[in-house]
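Here it is: the structure, laid out below.
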Amino acid sequence: MRGEHAQGEFYVPLATSEGTLVASYNRGMKVLHESGGVKCAVVGDNMQRAPVFIFEDAAQARRFADWIVVNTDQIKAVSEASDPFIRLKHIDYYLASKFAYLRFNYTTGDAAGQNMVGKATFAACNWILQNCDEVEIRRYFLDGNIATDKKASMMNIMRTRGKRVTAEAVIKRDVLLEIMHADTESLYYHSKVASIGTMLAGANNNGCHSANAITAVFMATGQDVANVSESSAALLYGELLENKDLYMSITLPSLIVATCGGGTGLPTQRECLEALDCYGVGKVNKFAEIVAGTVLAGEISLAAAISSLDWVSSHEQMGRNDPVKGKV
Amino acid sequence: MRGEHAQGEFYVPLATSEGTLVASYNRGMKVLHESGGVKCAVVGDNMQRAPVFIFEDAAQARRFADWIVVNTDQIKAVSEASDPFIRLKHIDYYLASKFAYLRFNYTTGDAAGQNMVGKATFAACNWILQNCDEVEIRRYFLDGNIATDKKASMMNIMRTRGKRVTAEAVIKRDVLLEIMHADTESLYYHSKVASIGTMLAGANNNGCHSANAITAVFMATGQDVANVSESSAALLYGELLENKDLYMSITLPSLIVATCGGGTGLPTQRECLEALDCYGVGKVNKFAEIVAGTVLAGEISLAAAISSLDWVSSHEQMGRNDPVKGKV
Amino acid sequence: MRGEHAQGEFYVPLATSEGTLVASYNRGMKVLHESGGVKCAVVGDNMQRAPVFIFEDAAQARRFADWIVVNTDQIKAVSEASDPFIRLKHIDYYLASKFAYLRFNYTTGDAAGQNMVGKATFAACNWILQNCDEVEIRRYFLDGNIATDKKASMMNIMRTRGKRVTAEAVIKRDVLLEIMHADTESLYYHSKVASIGTMLAGANNNGCHSANAITAVFMATGQDVANVSESSAALLYGELLENKDLYMSITLPSLIVATCGGGTGLPTQRECLEALDCYGVGKVNKFAEIVAGTVLAGEISLAAAISSLDWVSSHEQMGRNDPVKGKV
Amino acid sequence: MRGEHAQGEFYVPLATSEGTLVASYNRGMKVLHESGGVKCAVVGDNMQRAPVFIFEDAAQARRFADWIVVNTDQIKAVSEASDPFIRLKHIDYYLASKFAYLRFNYTTGDAAGQNMVGKATFAACNWILQNCDEVEIRRYFLDGNIATDKKASMMNIMRTRGKRVTAEAVIKRDVLLEIMHADTESLYYHSKVASIGTMLAGANNNGCHSANAITAVFMATGQDVANVSESSAALLYGELLENKDLYMSITLPSLIVATCGGGTGLPTQRECLEALDCYGVGKVNKFAEIVAGTVLAGEISLAAAISSLDWVSSHEQMGRNDPVKGKV
């Protein structure tokens, strides 16, 4: 890996009962390694809580939003007082009907931070309720479904949730041929056809299977696995170079990861993070880069398998047998 | 539970490191129980593999699609010969540019069936490649990203992936007040405001947090947890009755579950399924209903907590402490 | 109308060949009028142009975005120098792969402003190309498809394009019954069922037919009718009050309107704008409110017709006959 | 044009007040013409009406859907009896909560057919209400928002609404250079970057501006211009060939067009259709192809202008001046 934070070689822990999966990621990593490694960068960082305030009419909701803009510094002070590690970056607002949906955007250090931002926003809302004399707040809820926690959404893809991280590599044509028995032209062509398929399907992911890597790493390292819902969103992009080597990148716009807090402190999970030197304070960007690099390895491996048509037969060889149903 | 398949009381296994989560689901289940239980029904069942065929031009892609329609019976015979448990229900096709995306829809008995449908579709594609003399197939890929496996998509929401299952209940007003300290009017109002938030956010789920229940049950029972990506899609709907009791339903359009095959046979996971009498052949619809009922319990519990404003404080009481970061 | 800008009674010009349409809007307006009128408010105002810059890698794209943030004041000065009526409000950026998509948000006075913002952003891009020494810009395009002009998009629904405007009214139950032969309970129930339908369909509009009003007014008043693509997005919301009167609101998040420039100066079109006292400088918010109020009238009328089942039969009575095909 | 129905040269009528627009389409058409023309094919044809039926619970909604499947032939007979030109192709159903949304798919000859399908579905619903003894229908609405008429939706993109039509061409590199001062490599690169922008924006169109051509042709030929809402959806796809010529295709999945009925019979509009030999019975596929070809011409022209950076300056030369605001 040639990331900004993750540099060198890593043995990535994958918790899965799918035998083919580990083999597939191994192959992809080998391709990346032989091609000169994978570049990674965390390009965004936001954790959100999104309350909604309700007014007599739309005009008052807009006046409230204006009031929030004017009072952002004080709201920032109140919310940040709730936790030493939290920073309020900005408050987005979205108006519809007589509702003002606020979306508080924080950084939360090396924790995933959903609970931290809940507390901070709760404090902010209390302050708002007590201090807003601009308009009468009829009602409010601490969550109005635009956070959007544990959900796939355009909001997360656009405005980032957790880490926004990109992994990039130039795949050498001869390496791909040797390891995967697929050429870069086919891989590239598949990515283009699959992107049209993605538009037809209305999917939040034009890659192959980011969820597999993310789930397996999340389970191994004590992440909140329910966040696979939003973390598996992905934007895949490829360019076939003049020499037929293939630039491939994948951007994960809403990867929720932590290197402290939550399940990261459980014994086995902590051990897995430590094996990556990713446990504790100051490690979360490094960890995010490793996840993204792993996802890219899996994309190349599966897309190459599809391109070379040995997809099902590889399942045949390494799959499991089940006493009840036979091969599944 | 008063499902078509799941009837009676069940202790649902949840694998999670979030203390508050189990407590929250317990409360929701208590509300459902005291309100007369939860009705469930599996209303759809489809597992897909979706190859793409490439032609000289769009007119040939359409002629190919017409040929597929004419030859569906033979394709059905070929694909079903690959496995004794698989049935091909219908083949959808989607045309764009010079591509014909086919989406094979199968039932796969009590297995999740992703690998079964891969094999069956591979066999079907081979037959197509050998027998289609209507147009020249320039190229084909076994997957064109419209399946859409392990991805959130409108395709899955509309056309079902795995089980489509609905849980419904009439929440008694006094029960909700007593157990959750929230009234049905607030819960109902929140669901309406949150639905507008969902439209604003472009989310695949207008409920609160289906992913939490689904992930915890999936981990406990040996499901493929990466399928949380699509399984967490949800359509929540509420009606406030004349007597202020509250009808609530949640529809999971793409719940991927199995009671045999994959990780379901692992010792602990099998034990969890057996505790629900959901291990093995003929149990998958019962299991799907239990998952849906659990999701509805969680919706009521969290929405009630949001409505009654004790959300963050309940995290305070039951949350974990972390030596590195303090409360997360 | 009881808007912030539009107050009193207006005869709204509709250019259409659909006889039933005008009759339907008339009925809806009568309902609104008899119920005490419609409140309107413009709650957002943004016109965009969105260039994309291309770099060696994702890390450089992020550094570029940071540089843009630091240099926003200068970019603002450059872009505003291109036109006396334009103001640059803020620049959003969206990072994916090695690309930085910038979205310049302007106000453009009473013009729709697509060309003004094109010029202003072109000037800004030239300044950026000449002055950015932070990273090497490999390439750039003046448009990267996130503007999103003349397209339906979540971007427009969330982040506003043109005017964001809400119309609200409390429909009196007896008025609706008398004029539309429908009760408010049915109308309300339909709006709820239709909203679930909207989620199933993945539509950008949970109302009935905003496009009809918008198109007819746009054609009459010299707007750019191609903007119906994004202008027809809508968020409908209803509340059944204790007395069974019905609060209904509709929010148009991306209504592109002008009261000067473009086709507004053509003779007939100008006359239509003048009849509303909406031609020229300082009138665009008033005009936006009138459009939104008209849309709400149509929503009530069609939803009531659906609720009272006379939908098709009203087409029968007032429709046209066509010599070639008979009734269409 | 080298379509299946439209063959030869056509002068396409565009009703617009944008001077630059006509010039831009002219250039694009010249590029297509010099490159050997544009191939077109109508690959789908569906007009819909979508009622919703409401039951006691989800299980009954499913039983109803099963009953519809069994009784499709009779429903077909009833609905087709309403009009001599209508054919019922198939009924899709979508289940959520206790609702069964049916989507009737018809062909309607050369009319757009929204009113025809309304009548036919109304007749079908009446028959269903009188004959369904399988379950108790609690309630029904003739429209449940999944049609989705005059709305942008994933439903329309996937399942076709109106005509699904593809235009394709191989753009010669030297022709593009000569006429547009842009090379095919840049055009191709822009289409790729713009497609990622489209995913980021959640747009229903990864092309440049299909709405401009569609609106201008619709106004000239008496189409229902409000249908620009769904007709402007588009899927653009490109391939750079070995010799650097560029294959480009655009698929319009939901183009609503008619050559008889509605406004097509008005004098000027009819004249425009007649100039294309597209007025009356048996002409609608030809007309759909011409629209698609025109859209592709505009895509090439605008994308080339963006690629060659003369976009704004061409507006400067040919734009209009407005006495109130100056250049817009």
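A, B, C and D are the chain letters, set down in written order, and residue numbers restart from 1 in every chain.
Assume a residue touches a chain if its C-beta (ideal position, glycine included) is under 8 Å from a C-beta of that chain, and two chains touch if they have at least 3 such contacts.
Just so it is clear, the structure is predicted and the values come from calculations on it, not from any experiment.
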Intersection of contact partners for subunit A and subunit C: B, D
Required minimum of steps from subunit B to subunit D, each step between chains that touch: 1
Distance between chain centroids, defined by C-alpha means - subunit A, subunit D (Å): 35
Subunit C-subunit D separation of Cα centroids, rounded to whole Å: 21
Multi-chain contact residues (two or more partners), subunit C: 94, 96-97, 154-155, 158, 195-196, 198-202, 206, 235, 237
Arrangement of touching chains [line / ring / star / complete / other]: complete
Contact footprint of subunit D on subunit A as seen in their complex: 154, 157-158, 192, 195-196, 198-202, 206, 235, 237, 239
In the complex, subunit C residues that touch subunit A: 4, 39, 41, 43-44, 57-59, 61-62, 65, 94-98, 154-155, 158, 164, 166, 168, 202, 235, 237, 249, 251, 253
Sites on subunit B touched by subunit A in the complex: 17-18, 50, 52, 54, 83-85, 94, 96-97, 99, 101, 109-113, 115-116, 118-119, 122, 139, 141-146, 148-155, 189-190, 193-206, 208-212, 214-216, 219, 222, 224-229, 232-233, 258, 260-263, 265-266, 280-281, 306-307, 309, 311-312, 315-316, 319-320, 322-328
